[in-house]
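Take a look at the structures below.
Okay, so chain A shows up in both of these, paired with chain B first and chain C after.
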Partner chain A sequence: MSTTLSSPQTQPSALPPEGSASKESSAHARRRRFRPYLVLAPALILTIGIFIPFIAAICLSFTDYSLNSSDVSFIGFDNYLSMLQSSDFWHSLGITIEYAFLCTTVEMLLGVGVALLLNDENIVARFLRIVLIFPLMIAPVIGTLIWKLITNPSVGILVGPMRMIGLGDFKWAASPDSAMFSLVVVDAWVYTPFVIILVLAGLRSLPKSPYEAALIDGGSPWFVFKNLTLPMLAPVLLITLVFRLMLSLQEFSIIFALTEGGPGDATMSLSLQAYNRAFPFYGLAEAIPMMLFLWALVYLVSFILIGFWRRAQQRAAGVA
Partner chain B sequence: MTQSRSPLAKIGKGLQILLLLAYAVFALFPLLWMFIMSIKPDSQMLTTTFIFTPTLENYATVLHSDYMQFFFNNLIVSVAAVLVSLVVGVPAAYALARFQFKGKEDIAFTILSFRFAPEILVILPLYLIYQRLGLYDTYFGLIWVYQLITLPLLIWILRGFFEDISPDIEAAAQLDGYTWWQVFLRVLLPLVKPGLVAAGLLCFIFAWNSFTFPLLLSNNVQTSTVIALRYLASDTVHYGQVAAAAAISALPEVILALLIQKHLVRGLSFGAVKG
Partner chain C sequence: MAELILKTLTKVYTQAQSAAVDELNLGVRDGEFIALLGPSGCGKSTTLRMVAGLESVTSGEIRIGNKLVNDLHPKDRGVGLAFENYALYPPLKVRDNLAFNLRAHGLGAKEINRRVDEIARTLQIQELLDLKPAALSSGQKQRVNMARAMVRRPSVLLLDEPLSHLDARLRVELRTEIKRLHAEQRFTTVIVTHDQLEAMALADRIAVMNEGKLQQFDTPLEVFNHPANEFVAGFLGEPPMNIFRTAVADSRRLVIPDTDFALPIMPAIQKLVGSRKELKLGIRPWGIRVSQTQTDGAVPGVVVVVEDLGDETRVGIRYGEVLIMSSIPVTRRYRPGLPVFLNFNEEDLNLFDPMTGERLSDGSDSSNQPYENAAENEIQAPVSR
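Moving on, here comes the complex of A and B:
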């Protein structure tokens, strides 16, 4: 199967029963024209209902609204300006990008590697293809909770083995030096199966004939991978990358559950920073510009990558 | 590909299986460890690793605690969220798959984009709106906000399933004298049923897993996902009970995940990759 996000419409929109068309009243025709919108209406109403908070957010961001005081006044762009001047914001932006970059890189490399190994028939592969989705399906917070138990200094199973390899005092999420590492481990545990599943589906849908040709020509495995598999797989790889980047840039629950942004502010990503400003410190309106900034960043990144994805799809169609 | 049986190929094969096993340990051991802890008595928690007298005491304690109330809260909110999404999303998915109309792709992408807006950005204004409207800490409030998770997913997956059905089938049914609604209900829905079930279950899983929304938009009407984390934060930690709570929360999903495996690729990629 090919990969299509917005597949081209080949079918005719309406289904005109030939003879009756001329007899049909204009009311009938009008009903047909409005039918798509009518059928969509419930979803559109719900969507508009979702729009309201976004507009409210933008309005709020121009005020000094806070959760512990009742008077609100319009302060223009002050929240935006103070955000750009605050070192906390730039620190958190750095953490956010670092987190997303590390997680996505690890998950893509590990995921593609495991998917290539799984694209084969042996007992381990067959078993793993079934059970591999478990970490992805359980709640990320529950997964984080399990890792907290594993790395727990008093009951954790990893304490003994770590001592054996001379890392007995490795503090995982409790130390600023290893907190990011611990987060990446948990994130990779949860989301690598996502990459594996999509890449494996991509691998299995590749056409056979180019490989047969390459076999006759006697290309090395690396040559085949680089010149055949990779270009044909590119659309799937890119769409997987888009999904992982979009979600890891805004990851909240894993970080909240494991480190709460700490120790200190060592893992204080933008989502955590905004949460902290808004709730424990009551500055709801101050937090909004940060989240709007993050949203814009997510959009920019995905917009660029989806452009690449469209091009890769066309190229892959050329190869196959 | 069954070419050479050279020693080098054999080593390669062995290495491949070894690497896969290593990943399997990484992916599965944490779950196994959770299970082991959940059947370990508190008295042996600190002193033993794998050899201990197994007990169901932890499960009994959790099942008799108020955790089950939160478990059912989660069930109510997630099931209701999926039902609302089905009622609203199925016709929408059909319209986006079949009709040609102005602004179609824009509408489809707007719906999708809500799924990828930062959750905190949605929560900040909603927190105020919910307090004003009395939706804070209610089932309805959570069901409403869960539409952000379930609706885009459902619409985008089902759209692909509807596109797979040939329009000729509809035309034939209409020529037989069925009205549009009859065709939709009697012909199309049965045809997309596998997709419907898969999409619904996947939506349920994601709604069930939701953490940020219930954490910040609800308090007493809380879900088990949030409460499980609080278990660990409490000062008298019974690790076995934490593990049992986690296992109880994870089990339904593991079962559901196995049921929808065939459609998982399409679901996870919002229909972008057809498995």
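Moving on, here comes the complex of A and C:
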């Protein structure tokens, strides 16, 4: 997926100084000459390891390859054309964007809010800052299953409280109306701590003295946040946003574990759509264009946001 | 604008053994310019930060314009603080740095622009208004820092070492500027500095601090000519005052034991010496005249160092452990090994208690007395030491 990010930037630079080579043994000299390539080897292998399947997948997408038939023929752009003509694809694209947008928005707002509250020196904040790391250690699938358990109509601990506020028959993931809502709740539950931790780290690395100046200058907390904290924090916020957008656009495990794309196709995101095509229905070659489309989408969004991030960084440093 | 009064102001940082600021009494008159002078770490910044409200007060009182401000939020104290490290707002342009306070107080855009332009003109930073702090030199940052402190028209202007990060030429330039600004705006101003020249040049009165305690609070000339104790005497002046221990020999002479040093006790200091057996003598280098002919009361000695500085010549004479430096008009007459005679100016002699370091005073000398009979007693808080 991210071949462009891991392309090796290092350059071989360990050339022996002139004149010294003649004095050294030839074995030593040879070792020296190869050392830069040895150092690069892991990056090279990694790049190749990512590239080969990627290229292979692209090649496959121009065929009618299927997991249950052995004869393969070249069919050009047919897979791509049929994807663009299929209403399932457009539906899934919409779901994917909706999911990513809702999750990212909720998590960023919640995460920044909580981080601001925890960026304080009291016992509660200090305790919570340590505890926050624990949810991140749980695999999203497990987190989803835990959530499934607590909303389970017969044994879930959330059923009682829901009944008390008059929502006893709230169906969560079982109803097409609330399935997306449930997904966002679970995603936020799993990933908000990630946002909190990044934003907290950002907040705690901000210089202290401008805040003293702001204390004397006055202004409401909102005024100070808007004029001082936000611009200084913008690079961290944008990087966090990139991470969350990239991952939520591709999110598979939470949706798969909670709704499997259902009920019906109410939460059938591109990842799930492609997965379903590829495996239960053997249409691997049909699924690849969707994955490539998703990859291009993620790449584009990240590319734009990283551009913003660069500018925000300069602005925060006061350069631009 | 208002007067600023500190009463037994004390700050003990948590986990510190001793007080950073120890029972500080200080009265700054309305429109006055005072300097807090002392070595690094003596509690100057802490004092300023307490006045600004950035540090809590352990005990004592801070009054601005006769209002107790101990528990007032920093923004409500009417102070402007130019920070030691500038503390500008990095993401904001200079213009918005200056406007921050005015905007926070909800002034109209037109009024804000007018005030920002006005202060920018005063501090000559108009051409910087659209730059960000990172693009400024340290001298420019310091100007912006001061402009930001002044744009709100504070009751009390606090300047924390505004000149110390600048190179020598810029320092003198900005020093003159500060003096002009004060003459123009008449803010009650407290400047913090560890540079005695800066304090002498700028302030109406100087408060000398050491280890959190006020040593002396008086006009530059008084502090210089009549230092309240050995610390103040040694801290001000370049080259520093000669201070050395002498014994009183048969109530008639001050001597450095086992050396040739023997200074007859002049009538003017007779009373101060009294029945003491020992005291410390202080005299500035230019209070000593050097000659090659013996006169009445002159102290014989031998030259050990000669420094020709162009506008003065410094001659050092050693008596045992003590090196006495004198500063005389330029001459080529002296060289090491030459026997000379030292004449001590009577009125330049300072006597200090050898134990406490306090200046010996017979009471007729009012320079280091508390302002106990001053009408504005409240304002001229007693000088403590």
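Annotations for the structure displayed:
To be clear about the criterion, the second predicted complex is superposed on the first by the 281 of 320 C-alpha atoms of A that agree within 3 Å, B and C clash if a C-alpha of one lies under 4 Å from a C-alpha of the other, contacts with A are read in each partner's own complex, and residues count from 1 in each chain.
The definition used in the following text is that a contact is a pair of C-beta atoms (placed from the backbone, for glycine too) under 8 Å apart; a residue touches a chain by one contact, two chains touch by 3 or more.
Keep in mind that what you see is a predicted model, and the values were worked out from it rather than measured.
After superposition on chain A, the partners chain B and chain C are accommodated together without colliding. Greater residue coverage of chain A by touch, when chain B is weighed against chain C, goes to B. Using the contact criterion defined above for the overlaid structures, shared-chain residue A:M108 touches neither chain B nor chain C, since it reaches no partner. In the superposition on chain A, A:V155 makes contact with chain B only, while chain C stays out of contact range.
When the two structures are aligned on the shared chain, A:G219 is found in touch with chain C, with no touch to chain B.
Judged by the touch definition given at the top, the superposed model places A:M83 against neither chain B nor chain C. Of the two partner chains, chain B is the only one touched by A:I239; chain C is not. For the overlaid pair of complexes, the smallest distance between C-alpha atoms of chain B and those of chain C rounds to 5 Å.
Applying the stated touch rule to the two superposed structures, the overlap between the chain B and chain C interfaces on chain A comprises residues 215. Taken together, the chain A residues at the contact with chain B in this complex read 1-7, 9, 11-13, 15, 17, 35-37, 39-40, 42-44, 46-47, 49-50, 52-54, 56-57, 60, 65, 110, 113-114, 117-118, 120, 122, 124-125, 127-128, 130-150, 152, 154-155, 157, 160, 189, 192-194, 197-198, 201-202, 204-205, 215, 236, 239-240, 243, 246-247, 250, 252-253, 256-257, 271, 274-275, 278-279, 284, 287-288, 291-292, 294-295, 298-299, 302. On chain A, the positions that touch chain C within their shared complex are 207, 209-210, 212-220, 223, 227-228, 231-232, 315-320.
Contacts from chain B toward chain A in the complex involve residues 1, 13, 16-17, 19-21, 23-24, 26-28, 30-31, 33-34, 37, 45-46, 49, 87-89, 91-92, 94-96, 98-101, 104-105, 107-108, 110-111, 113-114, 116-122, 124-129, 144, 147-148, 151, 155, 160, 163, 167, 170-171, 174-175, 180, 205, 208-212, 215-216, 225-226, 228-229, 232, 239, 242-243, 246, 249-250, 253-254, 256-258, 261, 264-265, 268-275. Within the complex formed with chain A, the chain C residues making contact are 52-54, 73-76, 79-81, 83, 85-92, 96, 100-101, 103-105, 132-135, 148, 152.
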